[in-house]
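Shared between the two complexes below is chain A, which has chain B as its partner in the first and chain C in the second.
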Partner chain A sequence: MLEVRDLHVRFGQAHILQGVSLSIGPRPMAIVGRNGMGKTTLCQAIMGLVHATEGEIALGGERLNGLPPFRIARRGIALVPQGRRTFPSLSVEEHLRLVALRGAAWTVERVYQTFPRLAERRRNGGTELSGGEQQMLAIARALLMNPKLVIMDEPSEGLAPVIVDQLIDVLRGLSNDGMGVLLVEQNLRVAMAVADEVAIMVTGRIATSLPAKRLEDPELQRRYLGVAAGGH
Partner chain B sequence: MDLAATILLNGLTLAALYFIVASGFSLIFGLMRVVNMAHGAMYLIAGYVGYAVFEPLYDRDVWYAWYVGLAAGVAFAAVFGALVQTLLLGWMQGQELRQALVTIGLSIIVADQLLATYGGTPRQFFAPDAIFGSTQVPGVGGYPTFRLVQIGVAVAVGLGLWLLLNRTKLGIMIRAGVDDRQMLGACGVNVPLVGVAVFALGAALAGLGGVIGATAQPLAQGADGRFLLISLVVVIVGGMGSVTGTALGAVLVGVAEQIGQAMFPTYSVILTFLIMVTVLALRPQGILGRA
Partner chain C sequence: MRSRAAPWSLLGLAVLLALPWLLPQLLPQGQAQFWTASILGRAIVFGIIAMSLTFLATYGGFVSLAQMMIAGIAGYTLAIFVEGAVPRVVGLLGYGAAIPLALLAATAMGILMGAISLRSRDIYLLMITLALGMGVFRFIETNIAWFNGYEGIRNVVGPSLFGLDFRNALVFYHAALGTAALLYFGILYLVKTPFGLVLQGIRDNPRRVAALGYAVGLHRIAAFGVAGFIAGCGGVLSTIYNIGISPGSIGLGATVNILIMSVIGGLGHPIGAFIGSLIFTVLDTFAATIYDRDRFNTLIGLAFLAIVLVSPDGAIGVGARLRRLLTAQPRPASRVCGEVRSRPPSTRTAKEEPP
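Right, the complex of A and B next:
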């Protein structure tokens, strides 16, 4: 579905992405890695929000490099950004109206069925929601674009464990519906619960890519993520 | 008592004109963070172009001459604004200093071209019979009907803008763009195109002000600078990017100007700037502006 080949991003002297190559198929994929490894920059580069200096990004064989973000969005990629970035001036209902498409698989009604909490708060402003509600809204906003691939950057950040469990269910459901999912996570539990395949990012490169099950190995966690199940 | 009521009404009618012009300025700033120094030039160009269309029709004694002149002025300003955004400012998004310099340069060119084309003689539209003459206002007596119409137009502009921003999809896009332009693009919205629409709308409001203003009082060179300055003061006082704030700022500035001219004509300008200085000292984001 999405092919990323030898992607480089530089901000001035800083070489953030140093040749990322990724291939995302119909199975959900997660990218894990410590802070500052370039995960968010990768999401933004795919979405066209930051400029890639080298390399290629293609969706279904069509090149996306250099397109403005709104064209990339219309080609079928939606981003649930880090920090949610809902619009403070818009109500829940207005967020959904902004992106809703007529006659598509995901409609405003379906969003309200999937996230009943958003239906209850449809008149509330984007800033009057709790963290979990804002995350649901950011996901709903992405789904209403009816993308082929949804990229989620740290969706579990700052959420209560019970909300995280709901989130895992929603993400699995999307993948079962045939939507491509690229999940960027620091929370290994979420990454392993949602994705079949996990790529590990270290200093701007994909260090390795392996089946999610193998991440349970504490030795592997220590080597790539600097964390161990028993702490360190 | 009569005098006080007349001064107040004069202030309000002037405020109405200020609101029409400044609301366009505020709208453009709100979405695009462009301090459009050519806003006064758009006022001026709409006045002159509208007059060029109005005059031959008026000479032939056609009843709709003024309406056609108004439409021509507004339409010309809107197209001019859309072109300025597409050809010049769209390339320097986020570079405020560059945008300010380009729009200052543009307004100098526009003013000189208008001087070369139309000469320096002041021009004034004649309002159609229906809104010409005077109307009895309780407590004031006979008052120019057109100045009352001016208030009506300003109220209509205010309501229209409120409905546009709060009830339409374009309004949702504009407000979302003020919050987070980049994320709006990632939602599949063609943000540059929304920018062109907003610029055209803001320029059209300057143009509407240009024709209305040139009907209430003669239009001459220098009006561009005057109305740019007024727009700046009004949105600084009221709060950038807020329609209600712009209305409040316009009323304060308009009424203060009329009170000043009645009580101490020589120094009346000082009153306007005193208001601005006070607001800047106590509430730098403007009375209704967001911090």
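Right, the complex of A and C next:
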């Protein structure tokens, strides 16, 4: 679905992405890595929000490099950004109406069925919601674009464990419906629960890519991430 | 607040409609007419121009100082093309054709301003629109062939609609009020449409709107076009009100007056423009009679200073503050109009995704 080949991003002297190559198919994929490894930059480069100096990004065989973000969005990639980024001056309902398309698979009604909590809060402003509600809203906003691929940048950040479990169910459901899912996470548990394949990012490169099951090995976790799942 | 705005506005509109009949009951005949024509009529006309700025600032976060100039473009287009204006420049069209042409010119000028200032924001947007406004002002002031230079063009008396003459103060008052009401409710409707929602999204976070699949630049230019049309309506009315137009009416003083009206009224809701223009017009008219004739500007300045100090979100913020005080409700986080809206754009954009 999405092909990323030898992608480089530089901010002045800083070489953030140093040749990232990825191939995302129909099965959900996760990227994990410590802070400052370039995960968010990769999301933004795919979306066209930062300029890639070298390399290629293609969706379904069509090159995306150099397109403005709104064209990339219309080609079928939706980004759920880190920190939700809901609009303070729009209500929940207005957020959804902003992106809803007529006659598409995801409609405002379907969003309300999937996230009943949003229906209850439809008149509230985008920043009056709890963290979990904001995350649901950010995901709903992305789904209403009816994308081929949804990229989620740290969706579990700052959420209570019970909300994280709900989030895992939602993401799995999306993937079962045939939507491509690229999940960028620091939370190894979420990454392993959602994705079949996990890529590990270290200093601007994909160090390795493995089936999610193999990451249960604490030795591997220590080597690439310097952490052990459940050990903190 | 938002849902309650429309009924209150309708009530206000009803009061304004009834005023020309109410005032003569309360005041002597001469004073009643003076209030209708010189205070309320003038406040409504300038309120329309101020509302074009409020629209851009409230919903898009763009503070444009070119709006008075755009109103002037409409006024000059009308004066140049309409029959009977002195001196005659083109003077071939009736009001029925000249007014639409003037509105078209103002809309086109608005779109042009939006396109030129596309990549600037905050203080830089303010400066570039001010520079464009002053450039046009100087050009008009020194061009004799088209604009008759410093003198301007006179005798734009306005049309006669169904036997109702625009020189009749009541006819003019109701035409201005009707135009203002149409534009005002048009804006309230527009900001609920997807176009309006995108505009508010751009104010909160332009990058996010782009990532949702919207062309931010085109929406921005379209918003300036809408504001240009609104300013054009005000420009046509003010030209008819003044029976002509001269460069002074679009100079720096006039430009700043529009900004003052918008700010003291409040940049949180379009109604602020009309409240601001009413306060401004009343002070501007009566300051000289209640304070020393040579120093009346001091009084006007102090009054504006007091309003902005007491309520940073302008006169409409006072209402919200009083209501909170009386009902002793905790401060709502963001929905009260003028709270989030009137924050300077820089605090909003600072929250954008870091690269």
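By our rule, the second predicted complex is superposed on the first by the 228 of 232 C-alpha atoms of A that agree within 3 Å, B and C clash if a C-alpha of one lies under 4 Å from a C-alpha of the other, contacts with A are read in each partner's own complex, and residues count from 1 in each chain.
Here is the rule we go by: a residue touches a chain if its C-beta (ideal position, glycine included) is under 8 Å from a C-beta of that chain, and two chains touch if they have at least 3 such contacts.
For clarity, every value in this text was computed on a predicted model and none was experimentally measured.
On the shared subunit chain A, the superposed partners chain B and chain C overlap sterically. Chain A has more of its residues touched by C than by the other of chain B and chain C.
Of the two partner chains placed by the overlay, chain B and chain C both lie in contact with A:47. In the superposed model, A:99 lies in contact with both chain B and chain C. Contact with chain C, but none with chain B, is seen for A:128 once the two complexes are overlaid on the shared chain. In the superposition on chain A, contact of A:196 is made with neither chain B nor chain C.
Using the contact criterion defined above for the overlaid structures, shared-chain residue A:141 touches chain B and also reaches chain C.
Shared-chain residue A:56: touches no atom of chain B or chain C. In the superposition on chain A, A:87 makes contact with both chain B and chain C.
Residues 47, 49, 68-70, 73-74, 78-79, 81, 85, 87-90, 94, 97-99, 141, 145 of chain A touch chain B in one complex and chain C in the other. By the touch criterion given at the top, residues 169, 172-173, 175-176, 178-180, 182-192 of chain B touch chain A in their complex.
Taken together, the chain A residues at the contact with chain B in this complex read 47, 49, 68-70, 73-74, 78-79, 81, 85, 87-90, 94, 97-99, 141, 145.
In the complex of the two chains, the chain A residues touching chain C come out as 11, 40-41, 44, 47, 49-50, 68-70, 73-74, 78-79, 81-83, 85, 87-90, 94, 97-99, 125, 127-128, 141, 145.
Residues 194, 197-198, 200-201, 203-205, 207-208, 210-216, 333-335, 340-341, 348, 353, 355 of chain C touch chain A in their complex.
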